[in-house]
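First comes the structure, then the notes that go with it.
Per-chain numbering from 1; labels A, B, C and D assigned in written order.
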């Protein structure tokens, strides 16, 4: 599988996760594709505030729910979602 | 059990049953107590229009559903109810 | 908790307001309306009114017993109800949605089998028939049993099909 | 079929009108509102808005697939919603009541577990906390994550309890 060493993933954080990291949007430069779980590990390594985000949070790629072994590719938008609480 | 040979039951008919008999209210003089089924048989014997009413129609005494073996007493109001169709 | 028979259009907002309260976070409303099945243009609803109210109140009391935290209300319309208009509405509010859904469903299901209300379907061709909730139908005499239910209501708005008089449509 | 996020009070009559049709004789409406649990005076709802709309549309499409004769709509309110006010509403209309009830229930149940909406409870004592649908709560930083959700909203109308200043109440 080709990996793009200079790629970046667009990461969106919401609600408590945005509060923890201090922002709702960031770009992470890292080799891609990578699993959601790997992207989260990368985020935690770079942002101390992300420590309280679970290793395998609820996640969505391009507006659809995905499992934590889903491969994130260059150009994807990955959203990390706290436990949902609608209704 | 005491029976009252000169008693009357107040009978109420509704919807199609009222249409068949031509009235919604009548009094039937008959020995009481008597089962609902017996009152209906008496009605059929006296009113040709009642022929199409079932032998054991849905019935209520004093505004409550009763089975056809329920005993109707003097002073009771017996309602004969076509299949209900509310909603 | 309120059980009513009404002779005018149902007021759903009032029915909802009657059951809602801040601590009842879930509200379920069911509305039944007249369908244009098989040429029906309206239904004339009649009832054993005293008994219908008593039976509706018994049903609400049973719901209260089974879902103590729920509040329920029900209204049934009587008289002529045109296709598309609401004939019955049930509202149930409870702290949690499951009770609200269950209590609402219980009331409408019980109403359908227990409450002495009848419907006389008025058809596009001018005929009328009695209908029950199992889909059985019986022709009705031409004369309606209630003076406020004209057999020809709605004919002007929706002409009966059949031989047309000079119109291509 | 309509899925919307709105920033103003929900319009239930419009939601009902959007699903009702003459041949859909049964309509079920569910309304969820904010409960005053444990000192909550309001909830500030936020969402991953693009995804929430997409997910709601997917849920309605699944309902359509499972109950083809039913029409469903859903609205979720965002921003500050005071206790007693509606935060979510689902309407489903179908030819028969069973489908209407089932489709309505399906949509609200799916919404609760799939749609990316979050709630930040605003409490009588001035604190705020994140809450999920399993009843777990996490304290929130004083600074709200959204500029339109003041942490002290409603304080003027309902002062927090605690050390009072010269008042016997």
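The definition used in the following text is that a contact is a pair of C-beta atoms (placed from the backbone, for glycine too) under 8 Å apart; a residue touches a chain by one contact, two chains touch by 3 or more.
Since this is a predicted model, take the numbers as computed values, not measurements.
Per-chain CA centroids place chain A at a distance of 26 Å from chain D. Distance between chain centres (mean CA atoms), chain A to chain B: 75 Å.
In this assembly, the C-alpha centroid of chain A lies 52 Å from the C-alpha centroid of chain C.
The residues of chain B never reach two or more other chains; the list is empty. The set of chain C residues touching two or more other chains comprises 32, 108. If the chains shown are joined wherever they touch, the resulting network is a simple chain of contacts running from one end to the other without closing.
Chain pairs that touch, as defined above: A-D, B-C, C-D.
Chain D contributes residues 32, 45-48, 50-52, 54-55, 76, 87-88, 108, 111-120, 130-134, 136, 138, 140-141, 143, 145 to its touches with chain A in the complex.
For chain B in complex with chain C, the touching residues are 12, 14-16, 18-19, 24, 60, 63-65, 79, 81-87.
Contact residues of chain D toward chain C in the complex are 12-13, 16, 20-36, 83-84, 95, 97, 100-101, 104-105, 108.
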